[in-house]
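Please find the structures below.
Presented sequentially are two complexes of chain A, the first with chain B as partner and the second with chain C.
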Partner chain A sequence: MTDATRATVIERRPINPFDLLARYGTVIALVLLIVFNLIFTTNFATLQTLNVNLTQVCTIVIVAVGMTLVIATGGIDLSVGSLMSISGALAPMVFMSKLFPIGNIYLAVALAIIIAVGVATLLGLFNGWLIARFRIQPIIATLVLFIAGRGIAQVMTNGQLQTFKVPEFQFIGLGRVLGIPFQVIVMLVLVIIAAWVIRKTVFGRQILAIGGNEKASGLSGIAVKKVKLVVYAVSGFCAGIAGLVVIAINSASDANLVGLGMELDAIAAVAVGGTLLSGGRASIIGTLLGALTIQLVRYTLLANGVPDSVAQVAQAVIIIAAVWVQQQGRSA
Partner chain B sequence: MTRIHLARMVGSYGVLIALALLILFGYLRYENFLGLFNIMSVLRYNSMFALVALGMCFVIMTGGIDLSVGTVAALGSVAAAYASPYGPVAGVVAGVAVGLVVGLINAVMITRMHIMPFIATLASMLAASGTALLLANNRSVPVSYQSGFTELGQGNFIGLPIPAIIATIAFILGWLVLNYTATGRGVLAVGGSEESAKLMGLPADRIKTLAYVASGGLAGLAGVVLAAQFGAGQPIEGVGWELFAIASVVVGGTLLTGGVGSVGATLAGVLLLGILFTVLNFENGLGWISLSAYWQSVIRGAFLLVVVILQARLVAGETTRT
Partner chain C sequence: MGEDLLLAMAGVDKRFAGIPALIGASFEVRRGEVHALIGQNGAGKSTLIKVLTGYHKKDAGSVSFDGKPFEVTSPQQAQASGISTIYQEINLVPYRSITENICLGREKRRFGLLDWGAMHAEAERLLARFNIKADVRRPVMEFSTATQQMVAIARAIGFDAKLVIMDEPTSSLDEREVGVLFDVIRQLKAEGVSVVFVSHKLDELYAVCDRVTIMRDGRTVRVAEISGIGKLDLVSSMLGREIARVEGHATAFTDRDPAKLGETLFAAEHLSAGSAVRDVSFSIRRGEIAGFAGLLGAGRTETARLAFAADKRSGGTMTLGGAPYDPASPIDAIAAGLGFCTEDRKAEGIVPDMSVAENMMLALMPKLAKSGIIDEARQRVVVEKFIKALSIKCSGPNQKIRELSGGNQQKVLLGRWLATEPRLLILDEPTRGIDVGAKGEIQALIKSLADDGLAVLMISSELEEVIEGADRVFVLREGLTVSEMTRAEASEDAIMAAMAEGSPEAAR
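Up next, the complex of A and B:
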């Protein structure tokens, strides 16, 4: 729908509840949730509640940022959880000098971060290569690393828990700058950069163009393959960082558990945030709000004594409701 | 011409050839690889995955996907465990019934609310898992050992494992439906082009509904077998089954875009991925190398990689030359 036709539709029917809901539904839901909690949940308006929710949602948002870009091109990345476990398995091996001895702890931590995130990025690039070079469907191409990736992490660590106490590294998950948890800053920086890329840069436009119509984009001179390669590499990069955050919080890395199910959490956040799963439209801020909404719903239910299993069902209902409302808004 | 021919050959027989080669490799390399015990345990263990993959195969042929099968199997196993004191029939009915219900909900979301299959079944995956945990009070539910229910997973009939017989019957029915009924041909038509199928007057929504309901029912049945085999309803089992099923279907040569597919090749895909694991165990048994169980997913992933690259190259060759 072009802007002109949208304008006439709005003129004819000044109030379309679905259109309003589709546009601001996530924000409205978030506000309602906060109001509900302020009234019913004890100790909700505390800094601790904010911290708990933000730290829990951080890794999902970080992964979902990369996922939003991938989905905007019309693709999907199922491998993010496995890439998190690889990055989470690699980093401790480096900074605990299991692979090669490193004298200086700061150097070791820096190397650990670079190697772990670098490997995750390369594996993301590998996904992109399969998709761009061989035209394999994204869901299948990334299924390869979804299956093999966690296995690689388990083989590297022999399936064993790596525990550590390295404050220099764990600053990623436990540190604070001006009272703000460090990983929240990482998350915000990634969100801002990605939102800027999508809105203001040629590359962002190219991502959306490919998602909208790949063939036409190719014909109009966009380097489709290159854009896809970069997008999947970015998704791997984000997953790599998220893996480090998780193990830093836990003071331990368990290849069996790091990032388990993350692909679905991230995709759910993207969908609730209003990014079309068929590609061509993306909202990074929407993804952030989507992740926050899902998180807050879970928190609200758990804080009010509802068991986790019911919270899961509620989460499912919210995903469907959000996607359905958005569709109604678009078709209206 | 030869390349096109080759592409079609590999598409339909590639998985069978690979399966035959793998079995031959195992037979030549390991003692007792084709021993009765090993064959029976491979069949018994993989029958659950086969049931799930059969449903997935139908859904994928319509151009959709069903992510909920793993947790539906978990839910089915819990329901079957609760019903197990009333006998095997009650167990089967309970497990399959919950699967059918979830399948129907999936179908309604996809055909009536027009929600993309990926998202719709992602949500029902979460909901089924939550419901299973809720029903089971977050722990596994022991089945009754007196009612004969466990025979469904552990028993034999004329020397064959009962779960393998169940899976075989399901596959024969699936094969008949796909190849000899209007609905079966409709599944492929809808997957090939939903628009054209509708214009030709095919009841596309009804066909898709049937596919998702069947997938749910088969996942529920897989849950029944799971509960009977392990003696308990397992609310947290089934994690990742959906992706294993998708991998089996793809290895079997069914295109994820829909419209093309084979029930038999899907079964071969399941067996191929399952036997890879057995080969790994035997290789460890030889003592030359020691690969932990973790290698199994690495090898499966690598295998999937080879298959999809081959498929992609052959499909590309076919389309550019015709």
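Up next, the complex of A and C:
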């Protein structure tokens, strides 16, 4: 009974419209975009359009899931694009038996995935090691691999484009399960696992606590260094998977291009999704919606004949608007 | 005017969000004197200085400087008028040269370009006054802390300062460097420059100051010639205690039966770390409230952090429950049964964006989880129990902790540790910044916890709290345990005497 009376007291507080906007702004924007497209864009309500948008947004979301966890601890990971390119360079070398001969193609593909994603995870762990062990600022520590990573990928491939036709591998990018693109399933699985980890596990709570107050977390017995190590490793893991998706779609791997600019797309998705860049809060679903919103704005403009360069400006405007709304909601 | 006053502040009021920080404070500095400004935390020293230098705007009062009414709106303006401030944390530009730091903001120009020759010469001339020879072209960060301090002072004097304010200038210096600084201060004095010296180290005041102004609770409580006031007198004025004054109960602590105390649970021998903790020994029995008394900078918090392994100790041994205790991190300390409520609730205690429940469960959470998954139901039971037991006023477990009052935040943090069922709870200033009602509740709670057998180490700057609350009092002074007193021995006089001039020999 007391709970009920308490609840009414709280509801009587004036509701800040910006609070609502900050919480549901991304959803509102997404709904408005869909409505706009339903009216003005021809052939919008088709499975084809849905698939195009989903497949395009997939890699961003996969990377942004890891990025959300990193940002929730108060950090940032600039190396994700380069890690994608390393993973993308490594996998074809394995399944095309360039490194060592493998007879069975299924075994080769499995090994390729494990090695490529494993290496990306280890490199993420290296980021975390720099940050946790030497207290290097995350933006600097991950800048190391941001710069060096793509170079390493190019050295591995001698700067050459690797093309391949391996349907067993390309299933990652082109295959469908029950009509749903396989990469969309991968994306959804990662989103669901990450959202569950944040909400339900000790590890998730510790991530948020570290982002919210690192000193208090350490004094409360949280292994701050270990959590950071894991979080950056997870970010590397996600980037590794995203790299595989990209090369599977293209049936080619160009170390120069795979994951180029991905770090910024991912950070933008996280920011628009409502996760504070200062840490302490994380919304995986928000990140998904943020990425979808950015993607849909681009699609809307392109489908209606606006050039891509203008679409990029529109993307920037959305980010500014999202951050502004968040700040209004916080300060009030 | 019989005396030659450089600065006269009178009747200064300042409120922050309705809470008074200065109440009719006054402060006078003569020409060419070294004047100590002392007081406890929150006494109003910093606010007074910030009002003077234009960082804060005063609500009422008058300030005159150099014979004229003085009103500035920014520290830059104050500097231009002849008042320079050197802050505790040296604010120089580390990557720039000494010359650039000294001449920053008043560069010499020739033909519209910077005249480096003249500027280097000026920097060398200023430093030479303090017998310092340094390559003024090198970046400041390559030099020792003492030299950097001198550069900061040279910079201040370079502005033709008539008054130099030094806010705890010695806290980052070693003994020899302090000596150099004192020479500089005497040099300034000889040149007719006045110095305001803020420090918590009493010996330093006697070494270099002429007069002292003591502040307490936003008021100026005493001005005296330093040679005419004893250390004990100084401390009692600062704390607002008259020597040998008797009074009734001021806290919610009530007397406890010493016979009920158990065997020794925790003992630390000769702990040391850096210059803050030099040689501290203490012990705590089951069911005992042990108190740490001491002035600011005596090493109380630092010692507590060593016991909790929040900082690494460089020497000393500890035992817990009779067995050696050598934690590598707070994780080990918590596992061994320690809890630590920090002094700075905001910076080291609460996670502001998290709920009451999440904050309270932060330390216990791993234990209440099944293979890493939070057991919400069990957590809820524990949280509800402590919200009730500690009568925490909140709309529910899911309210954000930052929306709670200071007292209720503190209770949540107490709950965080009590939930882990500790054997030893360290409380650093458990009632600081909390309203009177909540204060009494927390004191009563601490007592009842000790009655139930919990060992408590309580650090407090409030004498009543230590005297009435603690079964045993350890007095720390400049990183040394200088006294250990039983409840019967721990009078205000005895504690203040130890805080002011106790020596380790007296403790034996």
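Keep this in mind: the second predicted complex is superposed on the first by the 317 of 332 C-alpha atoms of A that agree within 3 Å, B and C clash if a C-alpha of one lies under 4 Å from a C-alpha of the other, contacts with A are read in each partner's own complex, and residues count from 1 in each chain.
Methods note: a contact is a pair of C-beta atoms (placed from the backbone, for glycine too) under 8 Å apart; a residue touches a chain by one contact, two chains touch by 3 or more.
These numbers come from a predicted model, not from an experiment.
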### Message
Quick check on the superposed pair: does A:Trp324 touch chain B, chain C, both, or neither? Answer first, second, both or neither.
### Response
first
### Task
Using the touch definition from the top, say if A:Phe40 reaches chain B (first), chain C (second), both or neither.
neither
### Message
Under the stated touch criterion, which partner chain does A:Gly218 make contact with: chain B (first), chain C (second), both, or neither?
### Response
second
### Message
Once chain A of both complexes is superposed, is A:Ala268 in touch with chain B (first), chain C (second), both, or neither?
### Response
first
### Query
First (chain B), second (chain C), both or neither: which does A:Leu145 touch?
first
### Message
On the A-aligned overlay, A:Ser309 touches which partner chain: chain B = first, chain C = second, or both, or neither?
### Response
first
### Query
Can A:Tyr106 be said to touch chain B (first), chain C (second), both, or neither?
neither
### Query
chain B or chain C: which reaches more residues on chain A?
B
### Message
Give the list of chain A residues in touch with chain B in this complex.
### Response
76, 78, 130, 134-137, 139-141, 143-152, 154-155, 158-159, 261, 264, 267-268, 271, 277-278, 307-313, 315-317, 319-320, 323-324, 327
### Task
Please name which positions on chain C make contact with chain A in the complex.
308, 310, 330-331, 333-335, 340, 342, 347-354, 358, 361-363, 365-366, 369, 372-374, 395-396, 416
### Task
Spell out the residues on chain A that touch chain C in their complex, using ranges where they run on.
3, 6-7, 9-10, 200-203, 205-206, 208-209, 212-213, 215-223, 280-281
### Message
Quick check: in the complex, which residue numbers of chain B touch chain A?
### Response
65, 67, 109, 113-116, 118-120, 122-127, 129-134, 138, 239, 243-244, 246-247, 250, 256-257, 292, 294-302, 304-305, 308-309, 312-313, 316
